[in-house]
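One structure is given here, and the rest of the page talks about it.
Chain IDs A, B, C and D follow the sequence of writing; residue 1 opens each chain.
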Amino acid sequence: MLDALAQAYDLIAPVQGNNISFRRVESGSEVTLDYINPMLSAKSTFFPQTETLFRFSRDDSEEFGIEPAREPGRSQVIFGIRACDARSLRLMDMVFDGQHKDSYYLDRRKNTTLMGLACFDYLETCFCPTFGIDPASGEDVDILFSDVGDRFLVEAFTEKGTALLERFAEFFAELRGDEEQLREGRKAGLAGMKRLDVKGIADKMAQLYEGPYWDDIGTRCLGCGICTYLCPTCHCFDIADVSLDEGGERFRCWDSCMFPEFTLMVSGENPRPNQKARVQQRFFHKLKYFHDRNNELACVGCGRCVRHCPVNIDIAQIIDDVSSGKAGNE
Amino acid sequence: MKATSAELQTRVKDLFEDGTISHFIGYETGSDSLRVAPCFLEGSQEIGRLVWNPVCANNLAKYLLDFKNVPGRVGIMVKGCDSRSVVELLKENQIDRDRVFIVGVPCSGIVDREKLLQVMGISPTQVVAVQDEGDSFLVTLTDGEQRVDKEKVLRDECLVCRYPNPPVYDVLTGETVSRLPWVGDDYSMVKEQEALSLEEKATYWNRELSQCIRCYACRNICPVCTCSECIFDKKAPRWISKANDLSENLVYHLIRAFHVAGRCVDCGECERACPMNIPLRRLNKKVEKDMLELFNYTAGIDVEQQPPLTTYRVDDLDEFM
Amino acid sequence: MATPRIGAFICHCGTNIGGIVNVPEVVEYAKGLPYVAHAEANLYTCSEEGISSIKRAIEQYDLNRVVVASCTPRTHQPLFRSVCADAGLNPYLFEFVNIREHCSWIHREHHQEATEKAKDLVKMGVAKARWLEAQQEFESDIYPAGMVIGGGIAGMSAALNLANQGFEVHLVEKEPGLGGRLLRLNRIFTIDKDPRELVENIVKAVGNHPRIRVHMPASVKAVSGYIGNFDVSVDEDGQETSFKVGVIIVATGAQVLKPELYGYGESANVLTQLDLEEKLKDGELGKFQNVVMINCAGARIPERPYCSRVCCMTAIKNAALMKEINPEGKVYLLYRDLMTYGVEFEQYYRDAKEAGVRFIRYTLDALPRVSGTESVEAVKVYDELMDMEIELPCDLLVLATPLIPNDDNEELSRMLKASTGDGGFFLEAHVKLRPVEFAMDGVYVAGTCRWPADIRESIAQGYAAASEAMIPLRQGLVKVEAITAVVDPRICKGCGTCTLVCPFEAAGLKECEIRGLEGKIVSEVNAALCKGCGLCAAACPNGAIQQRGFTDVELMSMVNAMSGKR
Amino acid sequence: MQKTKEIQTEFKPKILAFCCNWCAYAGADLAGVSRFQMPTDVRVIRVMCSGRVPPELVIRALANGLDGVMVLGCHPGDCHYSEGNYLTRRRAHILKRLLTYIGIEPERFQLRWVSASEGAKFSAVVKEVTDQITALGPNRWAEKR
């Protein structure tokens, strides 16, 4: 089926490289299913790390000719996306589909069908239930595949999904009826998954703006971009030009609030002068500012930042400290 | 007898109490038993947080820069490799020897988290503790104990570590370690790379470096990357485009490798930090090897030794006619 | 920084450039380049007309950068810089592009390609010019005194010359007396005079000179500072004295090689030419029936490849003398090649032949061989002309051995940052253009410490060095081209790399005094010591130290321009 | 395909040469004065000493797509600043090996000694290096985007 998909669409699926991450594949054979969650989220499918916005040309009279650099929106399918990453897209929509419409992101979003893969197992760093995500559910996808042992239970949740299933009907067999309970059975594997208390955390954060809690974290943080670049909900970008004699292009690329230059001004002034200020900003954005604006927390509990932070800064731990009030008492 | 957390705690407690140090940089248990987090103490009250065990991977040396201006002396615990990066920091006047108090811990190898989980086929949550038992680790699990050969689960750089004992320290906790039994040819990896054809080399690095997401973790965690403003962050001149493509990634990694040339002590932190598992040591070790072969220089041994690229010999090799 | 308004002046240089490069095309191209406010062609940009045209354009188009594309900065940069200055533009806002030596002259058959290359070069020059900054030249006073190291003939000549021009001179001689090696000689060649006549007058003149202070026996212990302001301390007969000078002349001389050849040092009848002269001078030498002299003993061989220049004449002089002492005796002079350049030298050689000295040529692949029990009794040599080995009876063997550098040259070289060349002789800044100066400003060289020289040359070099040294002393003030290094203390991390690579100890770590950075340890450059090589700028890990006129931005903008990036 | 074909037929490399003011640049001037004819593919940037050229800039130049970078300095022992070219030589050893190690043809970066009196050698070096790099073809680094 994946082969057929790869024919009809741009198929993006988990591939084993140095680590497992979502990539464009030509055939099903490239795809691996041996993962709990890929290293890189599917975010870059919609919001590439580097994306040309438009190209410009220059003739001797220094006149600019501008041409948009939008590749024809061929429809694509993401296979194997997990519930957390799927949810993260909903959060990203709030940014790119807010009062400013980002056509680059939205076109891809429109042209993409999400084929989810239900989780029946989890990593020690997973805590998506914290945000009301059911890892085995298809809430935020068009189609959900659930591995119920000897077969997949495949469900469509949107018209897009239904349409696609119909188009590839040949690959699917009738239900035998026991799939539901098989799935329920497998869900047992999810028992004991971390579920943190985030009730009213935004307000609790507000109390923590000042205070020593962030000091150690700030010192510990190296200011690298791992957390932000791996985070499926981080969406900051920078815009720059490539200028050549004959013309050039304007591109945007991921940026990170962990980097000093992120807020560096031409004057040399930097409103977030130290790593503490930057680290604090990141958690306030996720657990307060984003919530203030969108009434959602900008985290889906995928645990990537926890797993890969080289100095073990652990957002789950922080949420816990904040909720339990531990953070305040320091 | 290997140093234990308990020993370390008493030692550091004394240092606080006899007023030797005002701060201490060490490790505390992290999110699970296979992780530690850097921990900063300002007194002996929370001494209990300190741990020393075979998962203490982080090179803490760089944190000394954050404590440059605190009143009093800063204590820090260093393994062999960490201590070597302290030597480099001293060489470049980044820290003041009299303002730091170095607690050396001889180290006979650090656990590679992923290797251990792989080899034992377990999840981190099952691990209670890891103990150093000479050539093997004793892993205490929620359901019993298991022994595992170090050679199978050590971090790569530990497998070729020639400096298990800190070259500089004020006190040593635990007995010095004699030559590590498993240490083989430091440069086998490099030689194998050198043996490839130019085409193969290009293919190899293009594949690896095209995966770089330029999170700069390798730079930021590097104990010898001490520039207050890195050239990659400069606006004028722009040494590197913010656009992430193979071409720019090559520039980044080449310049990075060159900047740590003769300074890298192979603590392996860059590789540990890299989320994309790019074999950065393969680059660093190449430069290290050339420095040794061309200029007979090894970094991080002797504070008095002049960095190889700041000096010369009239009779240096000359292949440029 | 005001928005750059660059003027580009493309020179035809008659047909030198215009005959190959399509200059009008280059001008048109230049007009399209970023920040170029004006571009024009000149028949000769360096002519009166071209120069006034530049001045006019600066005025008319309100230019704040000037790029001239013509010949080489090595000859014309000073001119165009002063043109800018005259027009009220800081001379360092000028950039030179070489489209003659580096383009039209070397691509005569390829007009189109040469034109394209000229465009590239102009584009690169313009790209750099956009970043140029106004610079102030560093000026420092000159302390009106000099030190001469070495009281030999060269040193004394230099000292007298300086003193007679009215400057205080400290003359440092390591022996207890002045005069140097000259006093050990018997006679001076070609004029056949006793050197003492010559030397004693000079020594007297030096000794009695009110402005010359002689330190001896003394040796220089330490030198710090830079041109115009050297602080010197010398150990004078066990005590330390220190003084200040503005210039330093090195005239420490050389020594004669004592070879381990032809039984020298083993048999009593083997001498060097210098030994011979001393014996002759002291009249300790009897008559000899058979004297053999061997030239190039230990010279012009792989480990000592140079010609010592004075030995041939010395040998001829002494050969003739031996013949004179004992006309019946035989004198053989074995040589490889004879250095008897010039009129009177050649005549001197002929006279010796007339007098009956036998000259026999030998070659490096068939060196003479000595034989004998206690002393050397015979010398075997292969005679090219007779194509056979002949044996010469010998009761005195004299070796002409080369002058070799003094053992303390290296130490002195470190102290003065004055380079030494192959074999340890001192090395001047430029073999032709600056023959008696070191690259290190304010330090000069004369006499045999530089290279084997005879008395006449040594005296001439002494005078030359003195008059070179006089230039800054007279000006009373020295200017340093503003291409020196400068540190940005904001981003300097005080790692000291620059201090390690600087050959002139111009960079040093200091506590910063700038507001906001007080107490931060950063590098600081002493512009007077900085020679503007830029080593520090290349070695600095994060560009905290930059070389004026060759900054990272300027160099990279040229590289980018060449790559078609803007 | 079309592209590569046209490259094979009419590839003219772009080669950058950093020349030290005292030796190599003077040597280049002399070559000009002596009218030694040479390929047109080299562009010279004047620096005061070969030791001023940061390896970073060589890397940048190659990444920009220049087909070759030369650093030309005084012969060892002749440095106007007495030590500069010795430091350059050490850096060059490391850089050249590093570039080769990641698969970049070593010929693309060259350090050569040219004295002020070696106009003939300058043109010989220009010819030689131009030939070598023309033979290599275009610098593929530029295409890695």
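Here are a few things to note about the model shown:
Please note the rule applied: a residue touches a chain if its C-beta (ideal position, glycine included) is under 8 Å from a C-beta of that chain, and two chains touch if they have at least 3 such contacts.
Small disclaimer: the values here were computed from a predicted structure and weren't measured.
More C-beta pairs in contact connect the chains of B-D than those of the other pair, out of B-D and A-C.
Chain D has its Cα centroid nearest to the centroid of all protein Cα atoms in the structure.
The geometric centre of chain A is 46 Å away from that of chain D, both derived from CA atoms. In whole angstrom, the spacing between the mean C-alpha positions of chain B and chain D is 37. If each chain is reduced to the centroid of its CA atoms, chain A and chain C end up 67 Å from each other.
If each chain is reduced to the centroid of its CA atoms, chain A and chain B end up 31 Å from each other. Contact with two or more other chains is made by residues 231, 239, 245, 309-311 of chain B.
Shared contact sites, meaning residues of chain A that touch two or more other chains, fall at 242.
Contact of a single residue of chain C with at least two other chains is seen at positions 501, 539, 552, 556, 564-565.
The chain pairs satisfying the stated touch condition come to A-B, A-C, B-C, B-D, C-D.
Per the touch definition, chain D reaches chain C in the complex via residues 14, 16, 21, 25-26, 28-29, 31-33, 35-38, 40, 43-49, 51-54, 57, 60-61, 64-66, 77, 80-84, 87, 123. Residues of chain A that touch chain C in their complex: 60, 62, 242-246, 248.
Against chain C, the residues of chain B that register as touching in their complex are 92-94, 226-231, 234, 236-237, 239, 259, 306-307, 309-311.
Per the touch definition, chain C reaches chain D in the complex via residues 72-74, 98, 100-102, 105-110, 113-114, 116-117, 120-121, 124, 417, 419, 421-422, 429, 439, 483, 501, 503-504, 531-535, 537-539, 547, 550, 552, 555-556, 558-560, 562-565. Of all the residues in chain A, the ones that touch chain B in their complex are 17-19, 39-40, 49-50, 123-125, 216, 219-220, 222-226, 228-230, 238, 240, 242, 251, 253-256, 259-261, 306, 308, 310-314, 316-317.
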